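The data blocks that follow each hold one structure.
Each of the two complexes below includes subunit A, the first together with subunit B, the second together with subunit C.
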Partner chain A sequence: MLSYLGRRSFHSLVSVLGLLTLVFFLTRLTGDPSALYLPLDSSIEARTAFARLNGLDQPIYWQFLQYLKDLLDLDFGQSLRQNRSAMEVALEAFPQTLKLAFVAMTLSTLLAVLVGSLAAARPGSRFDRIASIVSLGGASAPDFWIAIVGILIFAVGFELLPTSGTGGFAYWVMPVFVLMLRPFGLLVQVVRGTMLSALASPYIRTAHAKGMARRKIIFGHALRNSLLPVITVAGDLATGLINGAVVVETIFGWPGIGKLMIDSIIQRDFAVVQSTILVTAIAIFVLNIAIDLLYAALDPRIRY
Partner chain B sequence: MSAARDIILDLKGLTVDFLSEEEPVRAVDSVSFQVRRGETLVILGESGSGKSVSTGTIMGLIDCPPGDIVAGTCSFDGMDLMCLDAEMRRDLNGRRIAMIFQDPLAYLNPVYTVGRQIAEVFESHGDAGEGSVRERVVKLLERVGIPDARKRADFYPHQFSGGQRQRVMIAMAIALKPDILIADEPTTALDVSVQAQILDLLRDLQRETGMAIIMITHDLEVAAAMADRVIVMNAGKIVEAGKAENVFQEPKHPYTRRLIEAVPHSRPAVERRRSAIQGEPLLRVKHLSKHYLLKAGFFAEKREFRAVDDVNFTLRRGETLGIVGESGSGKSSIARMLLRLNEPTAGKAFFAGEDIFKLEGPALGRFRRRVQMVFQDPFGSMNPRMDVRTIISEPWAIHPDILPRAQWAGRVVELLELVGLKPDHANRYPHQFSGGQRQRIAIARALASDPEMIVCDEAVSALDVSIQMQVVELLADLQRRLGLAYIFITHDLPIVRHFADRILVMKQGRVVEENETEALFASPQHEYTQALLQSVPRPKWLRGDAALQSTSEGAIQQG
Partner chain C sequence: MRKMSIRVVAGAVFLGASAALAAAQPASEVRIVLPEQPANLEPCGTIITNVGQILSQNVVEPLTVIDPTSGQPQPRLATEWSQVDPNTWHLKLRDSVKFHDGTDLNAEAVVFSIERMTGGKVTCSNIAKFGDAKLTVTAVDDRTVEIKSDKPQPILPTLLSVVMVVSPKTPADKAVNDPIGTGPYKLTTFSPQTVVLEAFDGYWGEDPDITKATYVWRSESSIRAAMVETGEADLTPSIAIQDANNPQTDFAYLNSETTAIRIDTDFAPLNDVRIRKALNLAIDWEGLAQLFGDDVKRASQMVVPGINGHNSEFEPWAYDPEQAKALIAEARAAGVPVDTEIELIGRNGIYPNGAEAMEAMMAMWQEAGLNVKLTMLDVADWLRYLQKPFPEGRGPNLLQMMHDNNKGDAAFTVPIFYHSNGSYSTLHDPALDQEVDAAMAATGEDRTAKFKALFAKVRNDVVADIPMFHMIGYTRVGPRLDWKPDITTNSEIPLANIALKD
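Showing the complex of A and B:
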């Protein structure tokens, strides 16, 4: 168990380092920040001074080594745009994304498990057919389109919900709904499929032969065994959401890490881009470990 | 007591169809039988004979559709089981009629402890007996012979051996002392010695509780060991029924006679053996070992597990060497090493003078051609998307020098005829064949590269008795014609006695005894061999604890 965690951490460290290297060089391909941050008519001297101040006058490999050295000191650089620690900026935005992702994933998973189980309990029934159509629609609808149409109808048309921003319950409704569509749609299909095969398995016959109630057989015996593949898919989808629900956050002006990432790339705020990537990479690593541990908790045959 | 009051279950004219794309398939056709309190009724039949469907109907376990109960009544203690509503059915199952199945690992839920799964029986029936549920679960586990039951109740199914899992299933089934226990092939997946223990346990429990047992089996020895009365089913119909002794000793229906004659030990093939034992050595195995290192935990020391431990033997051309042992004894590990599928930890094996384990590249390719394997599950070992022609000709595609492509079609037909199939079978796919036919295809595939030795790993274990004999006869015939040498790995003693020239008995990776077949069976030297031979079940009517006695005891307890 401990050796497993150690091994996983080491592997993740290697991939995070690789990722940071890639991001470091890629961001520098987007252009020179001084072109954005200084007035158009500023002098060569001013530009050189800006570059020296931010360490941009050094050769790129030197900048990279400096970056790695700073990482060891837990110095993640300054945000050019906000003139404060880049990590501070990233960590301020991240909880907003986490909250949104958590609410959307929890709701869509719970709902999908319920709908998928009931559909699988009576395959071919009207409920099953409706569930199939709705989930397929949810999985395939383009979220940006739904988001914009939603704003048009509920915010602009009926003036029931705010168009964007954060605040009370009303601000959550549309972003959460739009984020839920895809996970809900995919998970209903996964739950239905795995439940169908679980319900056809021999231990379900045993449960019937024991005289257990049908409800307990479905939710106690079959569902518990169907959860592993559901968790695999749900974990993958959650990764996508943590990674920044870029489109949804941008459309609804949600101050999360996805929006921050896009803004920082556009504004060549290198240190912030690197910090957001580092934060999300660590979050995804933690999430994957959590999923592996959940496997072991749910299936006694799995041991690390 | 009157005979009528004794009858606990009365099935009349049961007819069940299974709906398919074309017309419905009749699985059970006008089947009627009665079960008396405390007796054991054995339903004997081969796969597809409708025996499991009949008993599934009693438990209400047939899914409709695709199942369709066309006709029939089934009265259980005055109730008609065919017109129960869901709640009445649920109440009856597990409390008055219980069931155990063939493969307890699949029939136990892998994610719950066995204790919890047994407790569910009590909880489902709101049974407030004496003592806590937990205590009753522990008592049940103790009763069915699980050692250290208090602790083991918190274990999961995969942490038990096959025999123990079946004991757990039995504990679950007898928890509420049902009137009828339906046992569907309960020992088919178990080793002989474990099988004997489970059958003993079932008989003991029957004496204690007076329950009736309906036992489904395809194994005539198990049937004889358990049955008071026997029903023989074939193709959905009852072909013969009666007292066990009568049916087994004076079978009336030709099908029953065929079944009984198919049991191998009635005619050992003696003449074939003399010649084989004098052949020249083809394979010499010296000090063959395979050890695995098991890691128990992070800090725990590595333990060594000896799957195969210093095994020596010689196989001659044209000879059949049987390797006998229970599961985990290392038989299959030997096979896998001899085929170079696994590497040995130590030892040498000389095939026609060459050390198998030193072969590389083209030499290894040539060796693989001369040694072939036939597996237990022919369906699993064939690509379902290849037709038979492609399956059989694959060795020629791999080794292009065996046969020019122009002759492939003709050779496939020859091989199919050699194994008793028809030329037009070449265009079909594996799922279109029966189990026995698939094993013939597997043999044809093995023959395609003109091997000198074939390793048969439980090659007939998954087949029905009558089919088993046909496949073994085919192997023997091929041996006579082609001079093949076989390593025949099995846990089935009657089959190996019939087919093998010499036998190795293995236990925990070691050879405990080696001898010529008749000598081994006539005077087993090692105590393990003796125990193994004794665990073949004996007919109930010869043991003296026969029907009437237990029936009357049962009736008294019930009454």
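Showing the complex of A and C:
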């Protein structure tokens, strides 16, 4: 196990370095930040001074070597926009996204497993049909539209919830709900499909013949064997959320890493783009390792 | 029974949430929702909208302020000024002014602030207003500052409206996010979610009605409008036209931005004045205005009324497709290659409905008989065409642009657009250059007259551009506040000017 973790970490480190190299050069291809940071009527002297002040007047290979050297010193550079450490900016935003993603993924996965299992237990029933319609709707509904309509109904119409922002329980309701919809819809479909297949297996028929309780058959035996594909899909969806829930963050004013990343790309705040990608890349590698370990825990045939 | 319990719990949760929402903030505190998070709070960047709207005249104060009606500089931290010679000005400073850190305002503090702006160690957007002028600042005595420039500065008092005076304890070699100024409010919080300003006890002026202002930001216009509607916020300075649907709370205001098309006069057929006139005459301006709302104002020149030099004696170009066609035919007969392809260069997202406006204008020019093709660019590519040096290999082109002059004087517009050295100019007219230089060096009524004459010449004789509209902004103001936006709202929202109803 330890050797597996060591190997996986080494591969991840190589991938992160490759990613950072790619991001470094790709961001520089977007153009000169002074065009965006200085007023349009700034003089050539002012633009030259800006480039010198921020090390942008050096050849690109030299800037890259300097970046690598600073990385070794754990110096991730300064944000051009925010006048402070780029990593500080990224680490301030990331927990906000992580909290939102964790709550939304946990709730949507638990709910989807429950709904998908019950739907598969009685295929063709009214519950199954309703679950299919709701999950397909959830998976295909545009989140920005749901968010705006939700605000108009619950914040402006009934004044039950705040329009946006961060704070207590009320501030979490709409962002979490909107963020849950798509994963819930997709996971219900996956759970239902894999459960139908599992429930048709010979060992389930044997369990029925032995007189085992229906609830135990569904949740104790069939579900456990159906979970591997669910974990794969849930992991993929979680990866997307960790990268930032840009629409939800933008509409609800949630100060997460997705919106920060997009804003930084648009504003050519290179150091922040690199830092946000580094943070999310590390988080995604950790998540992938966790998923691998979960596979092993659920399926005794998988050993590392 | 179980169903009943679930309903009771759900109801309690929502009622609790609603009660928390309904908890009103103290009467003298306001919440303002901006379209964007301020990237930083460096006082040398107050000409940037989302920095200026928080800091300018609230936390930091300039030496002068511009009267939004007359465009003339008015005293603020400088109470009087005099021009000693064309290159030298003396300023007298206000007495009994303290910075938020307790330091006294004196001539040395002003010298420090200007040297911090011009020193090149801090990225300073505001200094762009001074062009390439080299300033030497000295303290004559405790209350008098001398500013010398390497070239005449007839409107230095106007330029001083972008000089934000900061405490001498501010680092001179790096940008800051915790500015210390002399304004009626001091900064208490700057986080990724909020900026909070609280009234400063030691302010030299009258105590403002508002004791505390909390700024938040939402990029969606409909959310900002909803926040004011539900009472979550008291004011939002910018909402989209489709969200400005409540006459009780939504105010339209002329926002100092002028949209236009620059004509690149370096290439045929655009180097022919008949074609340039035809371009102006071929547009159905009333039809085009529908893209921008009922309140939009047709522009005849690149500055809005109220800016020194604005000439109200001539009208915007009218729609006359027959005359446009006649001018094109006349040019064709004279050997002008009117069929040459002209590239209309638009910028994505430059203003709402900007792309639709370009498509409509292209169609109207094609209808008039010109071979115009539209290319939409992102800001970085578009900038290459806006500023010199222009891209090599470019052909005849028309450039979509929007110009913002809220600084009270045509000097912030004319040389950039119409002088041979202007960074946006495609003109090469030595006689026009001399007139621009003369206007820039003039003062008082002579200056106003010279700029007015220049705008008339540029419109009637040179036809250097196609002015489109003076743009309108929409602001939603909650029922608690007594305040209306004006031409300066895009750059500052002085909290001290906001009164509370009852």
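Heads up, the rule we're going with is that the second predicted complex is superposed on the first by the 299 of 304 C-alpha atoms of A that agree within 3 Å, B and C clash if a C-alpha of one lies under 4 Å from a C-alpha of the other, contacts with A are read in each partner's own complex, and residues count from 1 in each chain.
Heads up, the rule we're going with is that contacts are C-beta pairs under 8 Å (C-beta built on N, C-alpha and C of every residue); 3 or more make two chains touch, one makes a residue touch a chain.
What you are looking at is a predicted structure, and each value in this text was computed from that prediction instead of being measured.
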Task = Using the overlay on subunit A, decide if subunit B and subunit C clash or can fit next to each other.
result = fit
Ask   = In the superposed arrangement, which partner chain does A:170 touch: subunit B (first), subunit C (second), both, or neither?
value = second
Request  = Give the label of whichever partner, subunit B or subunit C, reaches more residues of subunit A.
outcome  = C
Task = Name the contact category of A:156: first (subunit B only), second (subunit C only), both, or neither.
result = second
Message = Taking CA centres after the superposition, what's the angle at subunit A between the directions to subunit B and subunit C, given in steps of 10 degrees?
response = 160
Request  = Check whether A:68 is in contact with subunit B, with subunit C, with both or with neither, and answer first, second, both or neither.
outcome  = neither
Key: First (subunit B), second (subunit C), both or neither touched by A:206   = first
Ask   = Is A:302 contacted by the first partner subunit B, the second partner subunit C, both or neither?
value = neither
Request  = State whether A:30 touches subunit B only (first), subunit C only (second), both chains, or neither.
outcome  = second
Ask   = Does the superposition put A:110 against subunit B (first), subunit C (second), both, or neither?
value = neither
Request  = Quick one: classify A:255 as touching subunit B (first), subunit C (second), both or neither.
outcome  = second
Note = Overlaying both structures gives a minimum C-alpha distance between subunit B and subunit C, in Å, of 26
Key: List of subunit B residues in touch with subunit A within their complex   = 59-61, 86, 90-95, 98-99, 101, 103, 106-112, 120-121, 124-125, 156, 158, 169, 172-173, 298
Inquiry  = Going by the contact rule set out above, which residues of subunit A touch subunit C in the complex?
reply    = 30-32, 35-43, 45-46, 49-50, 53-54, 81-84, 92-93, 96, 148, 151-152, 155-156, 159-166, 168-170, 173, 250-253, 255, 263, 267
Query = Considering the complex alone, what residue numbers of subunit A touch subunit B?
reply = 1-3, 201-203, 205-214, 216, 221, 224-225, 298-301
Key: Residue numbers on subunit C that touch subunit A, as the complex places them   = 13-14, 16-18, 20-22, 37, 39-40, 42, 47, 120-121, 123, 125, 127-129, 131-132, 174-177, 192-193, 216-220, 222-223, 226-227, 229-230, 232, 379-380, 383, 386-387, 412, 416, 423
